[in-house]
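Same chain, two partners: chain A is paired with chain B first, then with chain C.
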Partner chain A sequence: MAAMPSAAGLTRALPAGCPPALQLVRRGSKAVTRHWKAMHFQRQKLMAVTEYVAPRPAVPPRCRPPDTGPRPLPREAFRDNRMIAVCQYNAMAGDDVVLLRHYLRRHNIEVKFFLNEIVRPVLAQSKYRNLLPLFVARNLLLVSREAKAKEMLRVLKGVPQVNLLGACIDDTILSRQGVENFAKLPSLEVVQGQAVGALSLLPSQTSSLLQCSSAHLTALLDQHIRRLQEGEGGAPVQPSPEPTGAH
Partner chain B sequence: MLQWRLRAPLLTRAGAAGVTMARAGLKKLVMPPDYSGIVIPEKPKLKFLERAPAVPKVRREPRRLRDIRGPSREATDFTQGQFGILALGGGYLRWGHLEMLRLTIGRAMDPRSTFAIWRVPAPTKPVTRKSLGHRMGGGKGPIDHYVTPVKSGRLVVELGGRCEFQEVAPFLLRAARKLPFPAVPISRAGLERMRREEEERRVGNENPWTFERMVRANMLGMRRYLSPCDLHWHGRYWGKFFLRHRV
Partner chain C sequence: MASKIQVVLRPVKSIVVRFCPFESNVESTRNFLACINHKRIQATNKNCEVTADVRHDGSEPVVDVMFVDGDRLIMKGANLTTVEMLTALGTRCNAKEIKEEQKSKKKSL
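So, the complex of A and B:
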């Protein structure tokens, strides 16, 4: 049918798959070349506009609050733990540090490493200011919620590079010797048993104490009777019955 | 769990005193890979491909460079082997390239434990050349040699057997570098990862203006400067080249 001369017909879109009406390639190479064929400038612009833009976080990292490197961990370490031991730390190989940490972890002892410049102001304001002289040169903090001094000493004995300087166990500052003595103490259960035993010693003796005097009198009388019998020689006399009831 | 106790000091490296001690540890045993389902065929090496077809072509064929252009539709996935050489661009493989592949791979692989198969056919497409030094004209030249067309994304050779990618990759890379198009050694997992990354890039692209969108809607009249093939290639293919960075 005859094409209607209308504005719509003139601006009819080309169907897909049809080569462009204007063949722009008037000279030069074919579509597939050995060399890198130069793109039309419009195509270059299109390629530049439609480049890949990597996904990035909604809040740029520079707008986030700065991540303060060493957080106030010393405060928590000193607050939450019963035992805090300060050791001198000499250079150790990485594997050995890992092994040490592992062994101490098994007894629930954590190894913490703080810089002196950070620990000193924290300590100066807390009640542990008497520990300040220990925080000189490289040191290690062994913290634990239980006071397992014996296991800690055993582990540290095998590590010559870590020397115990002092400890603060249950708010009591102990020197190295003090820690060793503390380790030699029997465990809490044993001590409790001993205390209970000591306390119950007196009540257990109450009944015997009360019966002591009458029992003593009975024994004396018995002895007297036996002597009299031996003196008379032969007449069997029944021993007097023991006085029952408390006198 | 480490069973042994800390008897010896942890001084396993040459410490301050320069003393080293042997130490025991636990060996982590990795299970060897399971090669039970792999069958090495009778002739494990790459078979010899003829330089020209048995019946030489009489009729000289047009150049038809569209067999280089665009992505490949055949031999894009692994069939029997685990590793292979992936073509990242289009090109023609001549008999020399095929011989190079056959000999390099045949020399480097172990025929008792690995096998290799061709994923490209023998050359069948005739390429004509005019004799050197003559002026234009005088008809089409005689057939000079035969080639195999290869498109981007096609596997050229496949390797399999009782081997790992790390053993196979060095000589596959040496062979891949000599091919007339960019090629890389690849494994099944590597191919999967490549496709997954491409998909992630396509999905995670933050740029609202994509090539595909602009071409489909013919924004700015871009189709005037683009080929109809760009509708389904989305700007990733330009001539025989594969633009891997494009999304």
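So, the complex of A and C:
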């Protein structure tokens, strides 16, 4: 916007000998004003020519591979964790969600929210295909590296808005009833001890079984010798009983 | 859409939602459960118990509503949409509310 010559402005007449030109000056405003003042036309041209032009990237952004960023991915969640429980999430107050997260974190169980549109294609191509029907409506994933089903059930019992639908523990898909039964099982160490005890019961009796017959024969012969010695002392010799059990 | 439907749970005593999550026809029932648990609807009646019964026996999804006056509404969600279920419950609750108001007006008169 060029400065328009105003009729109210002062006109300065040039001295004689110069070509006729009117130098019009706007009424008395300074360079720095409180109101908006249009730039001088030459300044406008200079500003237009020296405007900043951003450098174009060498590779256009649409050709670059998509940047996933540090967001948690369902693939990692399924790969790295032993226990993955799927629950239905009904609306809860924010404080309750934080408390739930806190109680579960104490047992190393993490709470993850994934959108169904993201999880379904990941699951469809993995071995967890049979969990697909669970991912409908709003869901919550509880993942953990240890299979702490009992603690998880205890915490969820106090939260009625979260309903356990099913779980995948050690690559085994379990229903809600299955998870409850799994929680009632004794720990692995106890079960291993019971199995070892049951298996070693019979072999522990082998040595006593083998020695049983010879021990019996020895006892009988001892008894016979005692009787003979008693007999020598008083009564005639008794016929010896036949040794039994010696094969 | 389903969350915009207002249901007044005052005449309702309890709601039991029974479904098998591994079936493919449970989406509307699960959405119904999620809508019923919304704080706006829960605020209409704090004494209404909403229970979710999760089974794994291939049974059909069922919503069992017990009213305070002894009536019972059973909705089989396999072929119903969430909006239909909410509307059905909403209309019945409204009808009972109106009946209650008329009864209380008659008593006061």
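Throughout what follows, the second predicted complex is superposed on the first by the 139 of 247 C-alpha atoms of A that agree within 3 Å, B and C clash if a C-alpha of one lies under 4 Å from a C-alpha of the other, contacts with A are read in each partner's own complex, and residues count from 1 in each chain.
Assume a contact is a pair of C-beta atoms (placed from the backbone, for glycine too) under 8 Å apart; a residue touches a chain by one contact, two chains touch by 3 or more.
Model, not experiment: these values are computed from the prediction.
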Which superposed partner A:Leu100 touches (first chain B, second chain C, both, neither): first
Partner chain in contact with A:Asn163 - chain B first, chain C second, else both or neither: second
Chain B versus chain C as contact partner of A:Arg129, first or second or both or neither: neither
Partner chain in contact with A:Gln177 - chain B first, chain C second, else both or neither: second
Greater residue coverage of chain A in the superposed arrangement, chain B or chain C: B
Touched partner set for A:Val32, first chain B, second chain C, both or neither: first
Partner chain in contact with A:Ala137 - chain B first, chain C second, else both or neither: second
Chain B versus chain C as contact partner of A:Gln88, first or second or both or neither: second
First (chain B), second (chain C), both or neither touched by A:Arg226: neither
Contacts of A:Arg145 with chain B and chain C, given as first, second, both or neither: neither
Footprint overlap on chain A, comparing chain B with chain C: 90, 93, 160-161
Complex interface listing, chain A residues touching chain C: 86, 88-91, 93, 130, 133-134, 136-138, 160-161, 163-166, 175-178
Touching residues (chain side chain A, partner chain B) in the complex: 13-14, 16-20, 22, 24, 30-34, 36-37, 39-40, 42-43, 46-47, 49-56, 90, 92-93, 95-96, 99-100, 102-103, 154-155, 158-161
Residues of chain C touching chain A in the complex: 21-24, 26-27, 30-31, 33-34, 37-39, 50, 52, 54-56
Residue ranges of chain B in contact with chain A within the complex: 2, 6-13, 15-16, 65-66, 68-69, 90, 201, 204-207, 209-211, 214, 218, 220, 222-228, 231, 235, 238-241, 245-247
